[in-house]
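Got some structures for you, see below.
Presented sequentially are two complexes of chain A, the first with chain B as partner and the second with chain C.
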Partner chain A sequence: MGKIIEAENIGYVYQSKYQKTKALTGVSCSFERGKVYAITGKSGSGKSTFLSLLAGLDVPTEGNLYIDGKEIREIDRDAYRMNLASVIYQAFHLFPLLTVLENVMFPMGLQHVPKKEAKERAHDFLAKVGLPDTLYGKMPNMISGGEQQRVAIARAMASGGQILLADEPTGNLDSQNEAVIVELLGKMAHEENYAVIVVTHNEKVAEAADVVYGMLDGRLEVVRA
Partner chain B sequence: MFDYVKCSLRRRKAANLVTVGISVMLVLLLNLYFGSIDSYQTQLRELSENVPIFCQVTNLNGTMGNELFISEQIVEALEQSGQVKDLSYMTVMMAGEGDFKEAEYSKYLNLYVAGANNVEALAEMTDDMFSLDAQSLNELLASDRMECIVNENVLKKRGWEIGDRITLKCYYYDPASEFGKIEIHPMGGTVEVTIAGTMEDAGGKTSAIQNDIIIPGRAAWNLFAQFGLKFFAGTVTFHVKDPMDLNGFKEEMQEIGLKEIIPEADTSYTGYALVVRDADFIASATHLRHSIELLQSFLPVVCILVLLIGYVVSYLAGNSRRAEFALMRLQGVKKVPAAFLFLTEQILLVLAGNVVGDVLVAPVVSSLPGILAVNGVLLTAYLIGAAAAYGRMSRGSVVYLLSMQQ
Partner chain C sequence: MRNSLKQMMRTPVRTILFLGLMVFAALLMTLGASIWLKGTQTMAQYEDRFMTIGTVRQIPDSFAQKLTWNAETKDYDVRKSAQYSDYYTPDDLLFPEAEYLAKPEQRAFYISYQPEYLMTNVSVSPNAILYGIFIAEFSPMEDAVPDQSMPIQITKVIGGDPRLEGVVDYFCDHRNPNPEMLYKDKTYVAMLGFQGTYIHGKVYEEKMQSKNEVHIGLEMLPFSLESDVLLPDGSQSEDVFRDGQQIFEVTDGFYETEAGRRILNLAKTNVLYRNCQPVTGTNRTALLMPFYNGRCFLMEGRDISEEEYAAGSKVCLAPKTFMENNGLSLGDAVKVQLLLTDRLVNAGQRFWLDGNMGFYSGLVTPDGSPLEVFETSEYTVVGIYDVTFSGTDSIFDPGADELIVPMKSIEARYGTNLVACGPMTDATTSFQIPNGGIDDFLKSWAEYGTDKLTFTFYDKGYSQLKAGIDNMKAISLVLLVAGVALTALLLFFFSHLFITKQAERTAIERSLGMGKAACRWSMLSGFALLVFLGSILGAVAGYQISADISAANAGEKYYETTYTAGITNIVNEIEVEEAAASALPAAYCTVLIVAAGVGIAWVKMNRSLKREPMRLLAERAEE
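Let's turn to the complex of A and B:
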């Protein structure tokens, strides 16, 4: 299977007015579709910075990062996030003014999918993540954390991409919901053929991954291939 | 994308109401401010109508305003002056009915005749005291027709009727008379006048001398000319046409030959001084000008205040949407469209506030340019604030904005 993401000796330096902080150094790795990758490490080790680079929210200060064979500096990174890569976070980050259903329909609206079709597909995605339809009309603040994270995953599915990036997706969840989300992420990779990259320091999440990387002081190493 | 704006307008009720409410309040306040200036300016413009400046030709020491000798040249110059309006003049003569010998003047010379160019010239007489309607009366007095209005008692006593032509032998007061020794002389012949109407006998009703016969001012003027005499008016009053140009008016009056009152001058019958009753007008105009200047001096402060409020409200509203902006960016929406979306929402709310404010002030403020100016100032203020907020937001890192929400 082809590599959807390939990092070549990338580095990243945070530069403030007064100081430079090296967050990543010489990171080289690759990610394929159909697998779950876990990137573990302590807080401040650089895993979230790496995920931001993979999401195209920033670009490496050193090295090259290829997305589907194209260097990330040369592609439209907004279009990349709209069509190819979705990101879910520990804090869920759903649109607070949109209902559950509208949140899932949102990416399809950006892709100009007709409203009726978007609604039908949103129903399907929400059903896939196991959310009861009684919640579709609710606002995000009216449902539980586990439910919100499932909506976030459904929204990621709705964008129709190939990459799912998750930053501590179970960080705010209890063990029962944590298990559900881990299962869903596995399904995304194995059934929906996504490259799922999860940044976590949760051992259970890492255990469920197909490949585990460890991040230490900005350097990435393979823990389990 | 615009569905998001619709949802936001529908669901952020409290925040949106605050924005709309502040816009309404600012529209009201600005209209109150500009409306006050406009009202004062209107009052100033209409001051000449509401507080007209009355002028009267007097003798040099200002002790007499009636029964004077005011030269033909002065009356003519005032008639032609662009600085004068509502000119009223009246001349007085004596007459006897029919042609009689001069030696018998004491027997026949018993009619007081006045030539007046309008009703205002006839001291203390009003339209309702005449048998003619106001329009016909004024048309007659403004004309040079040899027609007259006769005191109803005189009419009855002499057996005259409306439509009769009567013959009068007229005498004029000699302008060369010494003070206290008025002389009268025959004009030189008789004239025929048609009775066009009557007037009430005002005996006791007014303090003015009751005239027996009134002829049009211009007819009286022609009468003097007919007998080779220089016309003179006994009374001349008028209003200043443009009170805002009082200096120009006074200069022209000097050129005409009218002087300022000299209280210590000798009393005479010659009318060539001018009393200008402008104290009330000047006081009112000065007060209004001061009020306008005071209000206008606050204009920069008001503008800055409005800009500041608009900016701050917009900025705060913009800042409260940072997480949503970051989420949009995370979903792949570009910076400009994302910022534009929130800006559109903000503009719609401000416009709604402006419209509500305009509707509220419309019954009071009739000036469309004023309303547009207020809306323009407010929209500019809000746009600057919103542009600053969203500009700052779009420069920020998405990860940072998301982490702040987290």
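Let's turn to the complex of A and C:
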């Protein structure tokens, strides 16, 4: 199975007007499809910065990051996020003024998928994450946190990518919903063949991962291969 | 845009409130701008139709009492006459800050001897005795002292209407406290006239008792032989006949005496006066109040041009009655023979429109010679004017048959054969200042001028119009400022709600692969559409209200409000149509509001886009 993401000695420095802050230093690693990766570490260790680089929202200030064999600086990073990588968050970050169904249809709208087809596919994705169709027309604030995170996963699936980046996906969930989401992430990797990369504090989530990295002061170490 | 709008419509209260307030703000702005523009355009449109004229009057230094004997009451009448230590001149009005569109002019009017033309006085009453004053020999019907009305017979008319010969009427040496006896077998000569005293005394009582014959009319009075013609500087000449004998017995060789020669010379000019026409010289037609206030109006031809006035061209405006009475047409020449100069009053005070005439006595030179025509020229009639009604009612009346000519066209225009002279008066002195300049003028005059001159201003309602429009513009400014302020407030507040507060949405869109440009469009499009809709609806409403106001004010009339000089019959008004409502303010306001809205939203959007999405969304998670 090929590496879909490969980091070579990357570093990242936040540069403000008055100071420079080194967030990442010499990070080298790779990610494959079909696996769940967990990145653990304390707050401020650089996990989210690393995830941001993996999402193509920024580029490393040092080193190289390859996406499907291409250096990230050389690709259309908007297209990368639209077609290849999706992100889910601790706070779900659904569009609050769109319905559940519309949230899932949104990425397909960006890909110019016809509305009817997008709707059908959205139904499928929502069914895959186990949401009953009675919730499809509801607004995100009308459903539970676990349900919202499932919608976020369905939206990630809707972009049709190969990489799912998750930033503390269970941080706001109770243990029951946490288990559901962990299971869904596993399914995404093992059944849908996604490379699932999860930044988490949660040991249970880490335990469920196939590979575990630890982030400390901007440096990444393999905890469990 | 569809998603953007969809999300906006999911917060209908906020969206409708924004739209409604934007409509209101745009309405205020457009209405304010429209009214402001309309006010400015209306003023510009009508500026030329208004004209501000000032008239000048010198206040007397004092009043002197003059005692005149009254034979009827056997007592002295007390008459007051204004006294001036000196006469101010138009040059005294040329102070540094004075801004004149037409400099002050003190007009004289001239009396032209016109034997070749038919004058109104003759055309109106062909059979009337046309002399207010005449020179004749007479004999009393009985011996009597003329301290009361006594019958006399006019035996020979020397200067005046010959039809008076043989007439028996009443005579009294009314102003003489010590008249001498007149004898019925003697012939006397005097300058006689009817001057407002009625028959009185024994004759009157007899007639009142005889119910068959009641005749209560004017009596004849004698007049002094003194010259009333002033020296060129306006002063009075020395004259041996001043305050002297007025009734002379006609004896052999009387007409060889100094008094006899004076009487014959007076008679010569008196005859000339029968066929006279007033001629007024001015530097601008509108400075003549009858033309300014619309009493006189051009009915044919044109006004005398500025160039003709400046060059002193021999052109004139002539009254319709004069032209018709004499079969004259536009372009014809009128021969003018100037005989007398009057610098005291205007022509209307001597040549009344009803055909009556005021008269002058003492029409000989200061040395007793007969007066002669001092300037002859031909004037081409370039305009014919008419008078709105023929009654007389104010000091501004035009004179019957009055010709209007450029002042500079009269060469001997200052003091030749000057029969009356006086200070500047409202009827003879006027000037033009810029519209709206009255307050500035008076303020400057208070600094530089004298309190011996007073001014009356006429602006045909310009002050009223300007005050109204200024008031309207002040209101429009308030509307405009309120509209701009409300618009700015709304744009900042709602762009905060719709854009800054939607930074999370932007971050999600970015993380889903939407490019910055697409994010910007997604966020801006809905906001801009609302701004555009609000501004265009408001602008249309503002335009409509402004058009309704215009329609409601259509045909508003502005009246002269400063008349203080006795005009009663003239309604001096200007009908003002407000400038039509323009769509320009609506268009500009819409463009301005949309540009401001997009600009503000653009800046805020850029701020949102500068924030790193993952970091922003992580912050939100912590919140």
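We adopt the following convention: the second predicted complex is superposed on the first by the 225 of 225 C-alpha atoms of A that agree within 3 Å, B and C clash if a C-alpha of one lies under 4 Å from a C-alpha of the other, contacts with A are read in each partner's own complex, and residues count from 1 in each chain.
Note that in this section contacts are C-beta pairs under 8 Å (C-beta built on N, C-alpha and C of every residue); 3 or more make two chains touch, one makes a residue touch a chain.
Keep in mind that this is a model prediction, so the values were computed, not measured.
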Winner on chain A touched-residue count between chain B and chain C: chain C
Partner chain(s) touched by A:Ala79 [first = chain B, second = chain C, both, neither]
both
* Tell me which partner A:Ala91 touches in the superposition: chain B (first), chain C (second), both or neither. => both
Where chain B and chain C land on the same part of chain A: residues 48, 52, 55, 57-58, 78-83, 87, 89-91, 93-98, 102, 106-107, 109-110, 159
Within their complex, chain A touches chain B through residues 48, 52, 55, 57-58, 78-83, 87, 89-91, 93-98, 102, 106-107, 109-110, 159
Chain C residues touching chain A in their complex are 3, 6-7, 10-11, 504-505, 507-508, 510-515, 518, 612-615, 617-618, 620-621
In their shared complex, chain A is touched by residues of chain B numbered 1, 3-4, 7-8, 11-12, 323-324, 327, 329-334, 397-399, 402, 405-406
As the complex stands, chain A meets chain C at residues 48-49, 51-52, 55, 57-58, 78-83, 86-87, 89-91, 93-98, 102, 106-107, 109-110, 139, 155, 159, 167-168, 171-172
